[in-house]
Amino acid sequence: MIETKTLPTAYVTDPRAMRSSSGKTLRTDEMIINMGPQHPSTHGVLRLEIVVDGEIIVDVIPHIGYLHRCFEKHAEHMTNYQQVIPYCDRLDYCAAINDEHSYVLAVERMLKIELPERVEYIRVIMAELQRIASHLIAVGTFGIDAGAFTPFLYAFHDRELILSLFEMTCGARLLYNYFWIGGLSHDLPPQFVDKAKEFCTYFKPRIKEFNDLLTFNEIFVKRTANVGVLPKDVAINYACSGPMLRASGINWDLRRDDPYSVYHKIEWEPKIGKGEMGTVGDVWDRHIVRMREMEESVKIIEQALAALPAGNVQAAIPKRIRPDAGEIYARTETPRGELGFYIISDGSGTPYRVKGRAPAFVNLSVLPDISRGAMIADLVLIAGSVDIVLGQVDR
Amino acid sequence: MEAFQNLGFWGTLLVTVILSALPLVFILLYALVTIYLEMKVAAHVQDRLAYMRTGWHGVLQPIADFIKLLQKEDIISVAADRRLFILAPYVVFMGTYAAYAAIPFSSIFIGANIDLGAFFIIGISSLVVVGILMAGWASNNKWSIFGAVRSAAQMVSYEIPTALAVLIAVMITGSLNLQEVTKFQAGGIQNWLIFGGPLPLLQKILIAPFTVITFLILFVASLAEVNRTPFDLPEAESELVQGFFTEYSGMRWALFYVAEYANMFLVAGVAVALFLGGWESPFGSFLSGPIWGMFWFIIKGMVLVFVQIWLRWTLPRLRVDQLMYTSWKVLTPFLFVCIIAVGLILVL
Amino acid sequence: MTAVRIYFNNIWLALSSIAIGMRITIGHLFVKSVTTQYPDVKLKMPERARNRLYVNMDDCIGCDQCAMACPVDCITIETIKSTPDQDLGTTSTGQKKRLHVPVFDIDIAKCCYCGLCVPPCPTECIVMTDVYEFSEFDRQNLIYNFSVMTPQDIEQARAKLKKAEEEAAAKKAAAAAAAAAARAAAPPTAPPVEKPAGAPPTQQSSTPASDSSGQRGKS
């Protein structure tokens, strides 16, 4: 027997139901769509529950945790502080050097170590190379979200050159374990400086080509301008950082405002979004801020290569890493924002607590606010412009 | 066609079936070539090599793909509307294939030499919209419905610029029969409609800019008809997985795919027949003739298909409302201006 | 700008940027591709490449430093002390080996290729090679057993150690019994002799493995 279903009464008396002229109700409902953990365009295993009315978004609820790997628990069970560094690498696997830099900075500040100049300069070079590599992923995949498949491959071709520079130095392409507490694992190989200079000269026209192909393409501009606008006060209230914050017009960069390493000895400036193609803080602004940051990073690398002093990179590595009991919070400017490590030491060789403050986690929390009223096609671009890496979000 | 009039009922039926299967053979061969061409062009634009291992530089890859698709499991989800789900690919393919009847491949080969050729093509290719809506709805998948509804809106709105552009060509030629339009452009490249057609010099110079604009608009509108980037919102990979044919796999998906490529050549063929001289040789009577005619037609069609592929790998995609804006507020007004201008010039 | 000018400006911008983009892509059609035709062509790894681990067991002294340094605990080492009459040889860096290593397992599936095991090794016997093609069909095959001792060797070593320990225990028991007997024979009320400051203790150590010169307790 076929059961006939009766509609629940809520449907008929739903206040959102439209009434046609003959008095009968026309049921309109909001649809809940799942942009699931597996999707060609959420960057990683992120689940977005979207409540839509037609194509207009009413609400977005991100669900995270699909990549949680218990980083903080692992850190408490390592036999020494050095062993935590490979775990830090894997937080933001697209920008591993910057993760290491943040952690190593925190521990060195606890130990009050004075680093050789050479170590600091090499760290700056590596961090900026990693920033370029990470931004290339961001803008490449952002192009795919918008439908342009070619710029992604041009970006990854350039990224290959950077990764081969890393491989030449420390042996690994993606997860380096290069920054050690008090120094570096290897000194630069002899051919590194020339190859890095070669890369810088090669890369500058490639940025221009990328901009011509994607950034200033009218279709792309029309898709991204005035979309996903992040106002200044909202950005500050949500503690956004990195290119998201700077694109909203706020001049804040940790390399200058909470200085570490030798950034104060190099001439550079942070790039701010000005709303050239639409509103300040829209998706296009975030994209152009990333492109311009890549140019700035090339400048920093060239200056650091020119000023590289000689020295022993392993001179200051302590035999035993045993900080005094206490706590510290240290932060650096990673390609995605402010990555901070809060470490509590109990005086032994193992950390008592290591907490990573991931920028992508905080930046993602602003997604529902900026995407209300946008269309689904826009949501893909907005989520892409936040530039999340799920390893960082879930830790 | 006239030579086969007196064969009796069965004879005529047999000949009709064979002749109407010829474009199908062409479509299948052309699909194999174009799939390979698309992947190779995409790869070299992106500084990489595509297929290299199946055959010399991968020329046998499309055949390998075809065999793979043949032996795939036929999955229809339990909640899907079975009849519509199965019928949809056939409707889409039929809409495209039926229009091939009125395309003049050569002076001796046109499927149906009807006097309403252009009108017939525009009409019957709207069947594709029905098929897409069926596919999206029957898949029982919210993303598919999104893709299908977007596609329906897109194709219906871009019918207008297509029809208006065809109208301009018809105005200059005076006939809807594509064979007549092609013969009108005989005599060499200077007589092609895109450069004004075989009109007196003054009229030609005045008309030429408008026909160039019309051709470009026809090309852009036909990109939207076939759901290619920058108008590939219905199949936007990064948003909708695969849009209205997400749930299709195996041969059903292959049918959609071949239908898309067939559609590409169809609109390229219409643009070629109307504006680029059809099967006429660009050198006038040199290298012309029935077989040469087919060669020229296919070559010109493939050039336009190549441009379609080139555009796909260069441009990002438009959003739904921007797509509508382009159709209604940019392409259509420009075409209205062109119609009035061409009409006035022809009358003078 | 008025709305009309914006309208035409947009169209002009669209056409020009599309044309620029198309020129870039068609330019790339004529640039040589950058693909390496792996597996016919394999790129050369740089000399510092950190891929599969290799342990040269001739140099391994069983110090367990690499296992302690590993953040993911993928190295398992078991050792058997050697008796003094066994000569295990010296490493290439000149150290004398004193421990048998019957178990030296590296679970290369767990390894995170961080390279933290390489610097602590005193003899530089564990290295990261440039081998990256080591997929297996069975996960158990990814547990590499580096030890070169056969089961008979291990049995022998264990047996020898056991015997040596038993002898040591027996000798210790005998010495303790002798000391107890000596104490029983000596006058029980003799007060302990006050030793002048600086005089070395006269008690001799009685380990059987030591040289039996008997002079060790004296300076």
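By letter and in written order, the chains are A, B and C; residue numbering begins at 1 in each of them.
Simple rule for what comes next: a contact is a pair of C-beta atoms (placed from the backbone, for glycine too) under 8 Å apart; a residue touches a chain by one contact, two chains touch by 3 or more.
Since the model is a prediction, treat every value here as computed from it, not as a measurement.
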Q. By C-alpha centroid distance to the whole-protein centroid, which chain wins?
A. A
Q | Pair of chains joined by more contacts [C-beta pairs], A-B or B-C | A | A-B
Q: Determine the centre-to-centre distance between chain A and chain C, using the mean Cα coordinates as centres, and give it in whole Å.
A: 36
Q | Between chain B and chain C, centroid-to-centroid distance (C-alpha), Å | A | 66
Q: Averaged over CA atoms, how far is the centre of chain A from the centre of chain B? Could you give it in whole Å?
A: 43
Q | Of all residues in chain B, the ones touching two or more other chains | A | 45-48, 313-315
Q. By residue number and range, which residues of chain C touch two or more other chains?
A. 18, 21, 24-25, 28, 34
(Q) If a residue has to touch 2 or more other chains to count, which residues of chain A qualify? (A) 150, 157, 213-214, 217, 219
Q. Across the complex, what residues on chain B touch chain C?
A. 41, 43-49, 52, 310-311, 313-315, 330
Q | Residues of chain A that touch chain B when the two form their complex | A | 31, 33, 39-41, 55, 143-150, 153-154, 157, 213-214, 217, 219-220, 222-223, 375-378, 380
Q. Across the complex, what residues on chain B touch chain A?
A. 42, 45-48, 142-143, 146, 229-230, 232-233, 236-239, 241, 313-322
Q | Residues of chain A touching chain C in the complex | A | 74, 78-79, 82-87, 89, 150, 157, 160, 164, 167-172, 175, 177, 185-186, 189, 209, 212-214, 216-219
Q.
Per the contact definition, I'd like the list of chain C residues that touch chain A in the complex.
A. 10, 13-14, 16-18, 20-21, 24-25, 28, 34, 45-46, 48-50, 68-72, 112-116, 119, 128
